[in-house]
Structures are given as C-alpha cells and as structure tokens.
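As written, the chains take the letters A, B, C and D, and residue 1 is the first residue of each chain.
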C-alpha cells in the first residue's frame, strides 16, 4: 500500500463469504437505526451540521455505487441519473451537488424510494461479489480495501445518524423519544470512582497505527514524538463536576475562555451543555429516550472544545494533546474495555462503576469523544490519495481539533486507540466530553 | 357591525345545518388538497415564505380551536398544550411561537398526529354547533361571523397550500408531479384574442365592498375616489408576450426597472419568471403536473411586481392602480366569468378562447393575481378590530402592494372584485400576473 | 418642456448675470456648511445612509461637470479621469461606481483635492456662462433648466450634509458640537399653543405643482383627487407630547405598531427617537450644538414612519395622506411662514409661539419633514425623462413614503407646498416629525 | 519571573537614562511612520482587520497610560475619561469598548487631539521615570518589564501601521504613494540564487526562547521536541515562481487546496495574491510607493496560508512546522542577516543576491512572515498571566497559524528566531510569504 493511499492494508484478503456477511451486517445496522423513525423525521435539517436521515441512507449507498459498482461492475446502470447530484457529499472530483445547507429542503426522493435505492445497490453488490469473485476466487486486495472503506464510511454515518436523529427530535417542544427508556427509574449512582492522575514519564514515544487491519489514512505513518512528563486523569469529567463549574459562574467569567469561545458564549447565550434543560425539579437532558433527569455520575457530553477548555482552566488543569492521550491510553488501558457503543442502543455514556481500578485509564473507548488540544493536521509523511478518495480526509486538515476515544454512538468495530476524529471547536451535537491532563 | 370589526356582517345568520355543511366542505377541501402528498412533502420549508403543508393543516385548525372552541365551548380541553406555541402564525396577542424561518425544522408532531388534531377539533366544532345552537336555535351573529372568518381563513391557506406545494416539489431535480396531467399533449392554442384597450371616463367612482355577505375588513368602508380618464387591457399578458420582452433584453436593461428591482435582478440572477426552465427544445415551466412545455397563449404567472412593472415600461404602458382596476372590472365584467379556480384542480391559468368578446374585460377572477401599482394601505375610516383579530390584516398595511382578481389557486367561493390581496414586490411564488393600463 | 421631463419650465429664462450670482451663492453655501468640519469629519460613513461630507462636496461638483460642462463646454477636460467612478451616486446610465456602502473607506482624494476640484469646475462654469452666453446673450432654456437642476440638486445635498454631519458627530462619545450654541441657557417655553383640528370639507381638489418656476418632475402633472371630510392638526407634535407616549409604554406595546415596525423596535431596541439620551437630570438630545436638554415645546424630530404611525395610533388619530396634507396646507397656510430653515444655522426646529393663531396651520415649511401615509408613487401621467436624468427620481418610486413640508435643514429657496420628499419608513436620521390627521 | 508572566526577565535592569532614550526612540518612530499621512488617511477602516492609523496612535498611548501611569504615577489624571472606551482594543478586564468593526466610523477625537494625547502621556512618562526612578535610582524590574512590554507592543503596532496604511491607500483607484519610490526604474534582478534543500537530521531538539532579553510569553518555556529527518529551502519562494503556479491554473484546480481554502477562492474570486494587478504590460503590485511592476526575483508576499499551502502542494513540497523552521533556522542562519526591516522604509522585500551562499538559510528575518503548518497553541507549561495582561496572547491560542521570521515591516529590534506571530489562515494584508519544506 503506497503511503499516499487512504487506508492501510487489510492483513489477509478475507474470503467473499466473509465480505458478504460483513457487508450485510453493516448495511442492515444502518436501516435498523432508522426503523424507529417516521418518514417526517428523515427529511428535516434543523441546522447545517445535521443531515436528514434519508440523506445518510442514500449517501452511503451512493458511495458504494460510485466507488465500487461504477468502477467494477461491467455495464452497471445507475439507479437514477440525478442521485449523484443529490447524494454526493463533498467530492469536487465527482461534480456539482446540492448545497449542504439545502439538504433539508428536499422532500423527494421519498423515503421509500431511498430504500428501493438501497435494495438495488445491495443486490448489485451481492451479484458483483458472487459473480466476479465467487466462492473460489478472492477479490483483489484493492477491491477488498475499497469495500472495507465503504463499510467504515457507513459506520461513520451510523454515528452521525444517531447524533443527527437526537438533534432532530430535540427541536420539537414535544420532546419525543426515539426509543422507549429501558427502565422508568434508573438507579442513580451515588458513589463514584475518585479522579486520580496517571503519570507518564517524558521521552520519545511512537504513535500512529502500526497494525495490519483497516485504518484511515490520517492515522497512518507511525512516527516518534517527544513528550515531557505529564499526567492524565483516569476517568472522564462527570455531569456533577461540570455542574460545579456552571454554578461557580463558569459561563459568566471571560477569564476561563479563549477569545473566540467567549464571543460565542455571548452570541449564543450558552449557559450549559447542549440538551441541558433546567426545570423546577432540577436539571434534565434531552436524550434518545426523551427528557431524562441529569445523571450526576455520568460523563458530561455535548460540550464544545471551548467549554471543555474553559472547564479545564477553571479546574486548574488543561486538555491533553493527542500524542499524550495516545501514549497514556496505551499504558493504562484496562484489560476489559467497558464502553457502551452504538450496538448497545443506550446512546448515553454510563457512569463508571465505583469499584473500577483507580490506577487504570477508564472510559477510553465508547463513552464520549474526548477533545484534545491538538489541531487536526497531517501526520509526518502524509499524502493525499489520488482521485476522489484523496478528498476523504486530507482536505479537512485545518481549523479543526482532534478528538480521541469514540463515543456511545460509535460502532464498536469501528474504533481504536489511534483513531483521529475531528470537529471544529464550536460543535456540540456529537457526544463530546472532557478528560483532564496536567 | 362596528367599523373596527374585521369582517362585514353576514346578511341573515345562516342556520346551524347550513353552517355545518359549509364547515365540513371547507375542511375536507383542505385535506383533499393534501391527499396526493407524501408525509415527507408536508414537512419541508425550502424558503421562508413557504410553510410546510403539515403546518398549514395544523394552523388552520388552531385558528378554530383558539378563536371559537376556547371562547365558546365550556370547559374545552385543548388537544395539546404545546400546539399554541407550534401553530400560532403571527398573533402577538396570543404569545410566543416558533420562528417563521424554523417551521421546516420540525418533524414532530407527525402528519398523522396533525390529522388526529383536525379530527378532534372537527368533532368538537360539530358538537359545539349541535349542542349550543341546535336545530331550533340560531347561533348569535358574532359567532357566525367568527366561524365564517375561520372558513375564509382556511380558504386563504388552501391557496397557500397549492402554491407552497408547487414550490416544495419544484426544488427537487426529479421534478415530481403533484397530480398527473389531464392529457399528455395539450393542444397548444394557435390563435389568441388580440389585446384591446377598454376606455374608462374620468370622474368620481365608489369603490370598496358594499354587499351584505362576508368580506374582509380591508375592503370595507366603500368610499369615493376620483380617477382621470384611463384604459385597461381586456386580457392578461401572455407567456408569448412576456417572452418577447425577455428576448428583447428586458432583464439586461436597467432602464425598464425600478431601482430596487434592478438590484434584485442582478443579485438573484433573474432571467425569466420563476419556474421557467430553458431546455434544448425550448422553454418549459415546472407545474403541478411536472415539467411542461410553455403554453404561449396562457397568461404569464410567477412574476414579481418588479418584473410586471418593467414589462409594462417596455410595452409602453403601465400597471393600473387598484381603484382603476376595480372601476374597470365592474364596467366590463363579462356575464360568465371563466376562471379556472382551485376547485378545478388545473392549477394553471388557461388561454383565453380566441372568440371571446373583445370589448369585455376577461380573466378578471380565477386566473392570476394582478399586480397593481397601489400600496396596500388602509381605506379611509379603517380601524383595526380589538383583540387578536385586530392583527389579522391591519398590521401588514405597509411595504406591500395590492393584487386583485384571484388566481387559478383561489377557491371560487372566496373571491370577488373588491378583494384586496397583498404581497411584497419581490415575491414570485404565487400565481401573479400582469394586466396593462394606460 | 415635455411633461415627462425632470423639471418644470422656468418662466422666463434668467439673465446670465442672475444665473451666475445664483450659482455662486449656492456653491458657496455648500462650502460654508463644511467650513466648521475637520478633514477627519469629511471622510467617515458611520452608516450606509450617511455619505462622507467630502463625497457630497465632490458629487455635487461631478453633477455640474457631467451634465453641463461635458455636454456644453467645447473640448472640456475632466478634472480627473477616475472621479466619475468615485463620485457618481446612482446613475447606471453613467457607468460603474464605488459601492455606496464603501464611500467611507476612501481617504483619497484628500479634502484639499476635492476643494481644488470644486474650484476648477466653478471656474469652468463661470467661463462657460460668460463666453457661451455672455452679457448680451441668454442661454437656451434647456441649459438654464439643467443649471437650475444642478443648483436644486446641490441644495438637496446641503440638507443631507447637515443631517449627515449631525450623525457623524453623534457617533463619538465626546459629543462634539458642530457649532457653538447661540446661548448657553435657552429659555424653555412654558406655554404652548394648544393643538386644534382644522376641518376640510370632502370633495374633488387639485394637487400638484401649477406654477411656472422650478419644480421636480415628481410634483408635476397637477391632477384632481377626491378626499372625504377630514381634519388636520394646526401644529406639529411636540417633544413633550411624544414623551407622554413613551412614558405610557408606547415602545413596549405591539398593538400600536405596524408588524414590520414592531420587529424593528425589538431588533434595534428602540426606546426613544434617534439622538435622545437619558441622563440623570432628564432627557437630552444630541444636536448640532452638542448635547442639549430636551425642549418640551419644540416639534419632535428624528422619528421613523413607524414611530410616527404608532404615536398617531396611541393618540387616537392617524397620519394624513399627502393629498390631505397639500389640500389643508393650501387652505390654512399662515401669511408669514416662520420656519427656521438651513440658512438660519439653527438646525433645530423651534417651539411655536404660544400666541400663534389657533385656526391656521403652522410649522408647515422649514421645521420638520412630515411623514404622510402615502406611498411615493408616480403622479398620473408621470413619465421618466430620457437619459441619465430619468434616473433622478423615477426609479425610486416604490417602498418609500412621501414626506411634506421641509425641515430646519432645508434651504428656504428650495421648498414649497407641492414638494414631495421620500424616505423608507425606518429612516430616522433626517429631521422627520409628526402632524396628526383624523 | 514566574512562568505565568507575559514576558521573560530583562537581563540587567537598564538605567533610567537608557529606558528614557529607548522610550523616546520607539515613540518617535511611530509618529515618523504617520508623518506622510493626511488627516483623512488616519480615520478610515476599509476592512475589519485594518485599524485607522489614528486609532493605532492612540491605542499604543492608552497602553502606557493604563498599564504604567495609572498604576505607578500617584494621582495620575487620565487625559480624557472617554479614551479608555475608545482606545481599549480587546481587554475584557478593562471594560467595554468600541466594536472593532466601528473603529472607522469615528472622526473624533481629531488627529491633532490624538497627538496632544501622545504628548501628554509622553510628558507624564518622562516625569514618572525622572522623579520616581531618577538618575541614581533603578526602577524595579517589574516596572522595567512593563515598560519594555509597552515598547514592544508599540513596535507590533508599527508593523500594523505599515500594513494598514498600505491597505488604506490601496482602496483608492488613484493608487496614491505613501512614499516616493527611491528610484524610478529599479534594476530588475536577472539572475537568482537557485533554491536548494538544507537537510536536517531527525532527533530531539530544544526550541523556545532561552536568552535573557525580552521575549513574549508565548515563546517562553524552552522544551524538547522530536522531529524526523526533513529539509528546508534556503530561500523564500519568489514572485516568478508563484506566477508559474498561477499560470499552471493553480487557482482553478481544487486538488491543490484545503477544503475551506477552496471555498474562499471561489467566494472571493481570488486569482492572484493581494495587491497584484494585471495590466496590459504585465503584472503590477500596489506598494507603499504606488503601483510598481512585479519584481520577479523578490519573495512573493500577501498570500494567505491557503495559497501558501496550495502552492506547496503544486510544487510537490509542503510548508514546514514551526519546530522545523526554528531548528533549521538555528543551524543554517547566515552570519549577516540581510532583511530590509521597517527601519529601511523600503516596505518591500528585496531579491536575494545571486551570489549568496547556497548552503545557508537566507531571508530568515525581515523579509516576509513565513506561514508554518503549525497551529498557534500554547507551548508546554504555558500559563496566562494574572490580570489584564493575561489577555495579551493567551486567549488567541486557537484557530490561528504560527508565522515565523518577521517581515520588511517588522522593526529590526523587535524580531528573533523564536518569535511566534499568528494569523488566521485567510489573512493576506500582512507581508506573508512562503518557504518550502519536505
């Protein structure tokens, strides 16, 4: 695999049967996520970052149609000639497209049509796999990698679906639940593992993906970095801890804030994380299960980088760099990770058991994306792939910050310690949380 | 009827049965209009003037709930406590509400819920009519007038539904048809009644509503006006005539335009009326029946006031004032009006038969709203009604222009020669057309 | 002079000497207005409606250069080839130009250069008058009319200079005075002529300019109008009366306001007329003479149409139409008008003497521009002049309202009862006031 | 000096006389820069990043008044009570202030008043230095450091003055020259030192300021970093080289660009660096000396980060990180630096002599600010100072990129190899250039 490619080599090319099974599983997972929605829910775009679920369903399908079927299936007929215009996200290489801000103005194609599109592409993909690379044959590595990329891409959109659905439903004063809550009265955790500092000795460390499974091109090129002595906290900051910051006037004191963050606090009248609602009986949060009382011991989520950084200032600490995060995570990772992940359908990070080992680093994967104070820039030696896939990651490498760890909306098979997610510092609609360093 | 009331007295208070029949007919007409829509179509708001059909369905229902049931039905329980916030349009008297620009961000309540809301309110209205004002009793005049206002209000939203649905479907490159076209190949009219000038002698005339049926408060207070000699054209400007203006460079020559109109032409890159599409085989228009070839003899529609005025300049004429329009319309109205109206489900104004009488004024009602060069200001003696209904018309009496005549999307029982519609001069999504004066 | 021309015929063509004297007087008046300014004051544009004084000085000069010298002076050399781009205001016929919003970003040409430009053009104009139309000769009528138009145009910019200078100086917290106040402690008027209603009988009246001196094309075409019985107040609304409205909660009650006005009140946080400042000792206003205590008996000024209309609602009255205003003004005009006008350099309308005749209509000319509830539309028969001068008035005839009467910043020789000024309804930086009708 | 302080300790506290001399020199340098300006030039703000020169003159003075006189001069009377509101730049600790975007709307205080303000503060500063810390006495180190900070701050504004003046004059079509050109026909360089790569071996290096003179808090905390093998070019990219990129279609091919940069190229219609003007005879640039032909061998300037990065992509290279830049600069710095600096009044970087040593790193200081691909984030251990000065640097440490090296508008005594300048990636009005790495 050339260093400029988008993804790392898959170890051994899996057999067609394995590929097919994985293809089906991922594609069905997406549809399962959308099953609780009404057609009306799949159309709207209440803010520019949120895409209509119908669009996600179609765009992930367009990805397979464009990068696999059109390229490898002889005489492939596209499902509809206008869909490339409608469902291309951001690939300049592939022509013009609907403005991102206008995705929510389109009622057509209807949801049923989009499901028909998925079925058509799935059938073609199965045929391609079976006829081109039948039981005896193994698809070429480049094909397998593109397929894997398509599936990883769809998993990324599964997380976006989960967070976009939450935002969409939150805009209604009716506070509709996406799923019924598992129990009416969740036992509120009363004890909590105290936060401790896990010390890491300064020196040269290697970071970046070194395995042989799939990874994205932005985590490739393992390389050495030097870090000074530092310490990372063994768990995420909780809702109760964040509430202390709020009650101490954190949102009213410019001294804790970066300049552009402070402007935003005032313009947007931020006074709490996204989805927090103050009611007579206390604080509530809008969740996938409707409006629920705040769980004090659970990790705080839906904070922007600015809020995470201001909290850290107030707490006398700071946010880690992505290098520090990866180094400490490798050293202190518990044997059994306990994140909740997308598959659990909890869509809410859980409190850490009070009896967790205090000298391990908990809640690393599958709870909340952890803001780092590292700009999303290329790793040394990074080069964009040729063609449209070169637009996948590389062109976003400015003005965004790296987040590590994956959230309760991340598919478990999609995440790893070297994974680099990235968002602009003002974004709050993802499950973004805080881990302190010093 | 106090001069400050919103509507003129209905002659004789109709019987409960009559009221009930009319109530049912209007309410069902609204639902019939929405029947061809998918749930997805009822949610989106592709521009601020367009409201989601679901919102229209609910808002008209909220009107009856608020102004009739809550006021007259003892112990009335509202269907849902949040609906007043969701479905109030612009009544400051009735509290805060969803921002107009955000109507398309709400997926809930679902369409089914909105239909349930309509059914609930309809049942309550029927009960109110039956129990309060049973067979023997006649409802008080004030109640009958409010009911009539609710129905006229719903008819106004029927027209908006028709034009908003057209706009919503037009945003898709798929150009979906709201209804199948009545015939695949409409016979294109080849001959056309020549435009002639109908002369009116100057003098003092009386304008405004003088009958005893329903009218809006803005057309009340019949009063004298003086007009000089003028002439009005006997038919509307056609697509073919407007195309001549375009081909003569009308959109590129500032001399025909008002200053603010010329700025708009450049900012918005206007080159044709809304919905016109140039294809290899000629001009097409997006219609309720999909993309259709331009019918040269049909009245031009979907032009802004600026375009209507520029066309008139180019043609060496001008637009009439609303007084001139009403005076000439009364003099030259043909015995049998031949508009298409909403009920025809044509949603497209038809060409005028070539054998129509040249000395009558055709296409007055039910073809296109005709821009006048009259500001929408109060008639002499106008006063706003007390309470929330005082916000119905009065507060809009600035910065808009009067349109007369009704369009192919206006319910036939809703329109009359004294009717004053009003829009800002840049609006084009209504069936707005041009009649010349000099 | 064709009726479609921009200006009415001047009776007898004045002699060259007269023309020259008038030319000099008007041009010097403009420079006298700018004399108290620092170079810094002549450059800035604190809001889009306000033009830098340097720009006014140059633009009025460009008008003579373009419409008179370039057309009539053989081999005329323009002062600088870029000035047409810099100092054209809005004439599309004359090519591209600096964006209006960017007039305040240009420091060059310097003020001295602009004065040199004026001197150059003045010398050329004098030469043109002397050599072309020497003592014995009379310039052709068309030339005399263009010259008169140039002078009237410059007088309009004198008023704009006065109001723009006020706005520019007002933006500084230092509250600098343009001129020293005539006296430190102006005697506050204690008695005031009570407002009375002057009744006018309904019927057909003639309005529009009928004389033989200069007038603008928008007041030409005298024509009949019909008005019903009405009454106009004999004086303008005072600061004290307006303050009552404010203290009665006028700015907090949407019922008095037009819809778009109410939105503006909230967006702009309007709580008083422009320039009013609340201090510990009471209300002050920023004036050309610095911050001065509110004079209760003086006419209220610097109110938008929305405020004037809301005040009238609150007072149980309404604003007059421009036809009513002109008809009543002709009937009740006092023999000796007593406005303050630009020439007085008071730049503040004065209280009406308490012993003024109660049955005359006072403060008609030279106090405040009086908002009418009439859209600025063309009079019957109006047609734009050919060429660039056709852009002078005609293209603005939409979305603005007519104001009558002239203000304390209007040159006295510039104003008359038929004069039609026009502004958008939200504008407040002119000396705009209120006269009630009913 | 505590690590949280804004500036590093000055080695030996200089004597009062030395301080006084330096104070006078810096202050006079600022006024010398403004001497060629007209009062009109000192007022305008043609875009938000540019401040009026008058504002710079006053703001730097306010800095001394606020941080030194008010704190150390007993009974100090401020020059004017409103100046703190007018001339505070961005210190929330010090109260409200004029919106940054409105700096160009203020004509008062006049330029003369601002010079009077400077004279007043200078006199007070001299008195403070003489009476408080007379000849025998040495001011306390904290005072000396604040004074030095005030002077360094003023030097930063000298550079801003130079670049803001250039921008202000550039907005006029008259293309006025700030200074006459030194010669009418500058000898165009025909030969040019070829670009070579200076290789640096990977490993752990120390970066950050380690001396004992003044430095800013953002370059403090020397610390180790690890870099892999890399190479830096021995000179800056020239105008001729950049022109090749343009002629190769660089501004039309999205593949070279970061996503947000490509959007900007299209929105702003960028086709060349700022100030480049295409004329019949070739490319020109607007300079402090008016419009001048492009000097092919001179370093390209006035490019945004996006353009620098796109150029590097096109050239098959990349931009260096700030660590790489500092490491290589220390290794390959020529004995005699040859930048032009502010003091030379050239305000234009010069071509590199063709006989310069190819294995040294030229044009490091005093030619152009060199974009690095490093986010402006805090160095390890950085902490904001307490009080208002904590707002000096720290709150800007997000969303900006580090630039190294200083430009032809940087005062020579102000710059060093560890200096970290920072701008948003879209800014072009500074002398920003390109040095390649690989």
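A few remarks follow.
By our rule, a contact is a pair of C-beta atoms (placed from the backbone, for glycine too) under 8 Å apart; a residue touches a chain by one contact, two chains touch by 3 or more.
Remember, it's a predicted structure, so these values are computed and weren't measured experimentally.
The chains that touch chain A as well as chain B do not exist here; no chain meets both. Over half of the residue numbers found at the chain B and chain C interface occur in both copies, marking it as a same-residue contact.
A straight line joining the Cα centres of chain C and chain D is 47 Å long.
Note: centroid distance chain B to chain D, computed from Cα atoms, is 61 Å. Chain geometry summary: the mean Cα position of chain B and that of chain C are 39 Å apart.
Shared interface positions of chain D, i.e. residues touching 2 or more other chains, are not present.
Partner chain C is touched in their complex by these residues of chain B: 90, 92-93, 202, 204, 223-226, 228, 254-255, 257-262, 305, 373-375, 377-378, 380-381, 390-391, 395-399, 425. Of all the residues in chain B, the ones that touch chain A in their complex are 38-47, 54, 80, 82, 85-86, 102, 104-111, 168-169, 171-174, 176.
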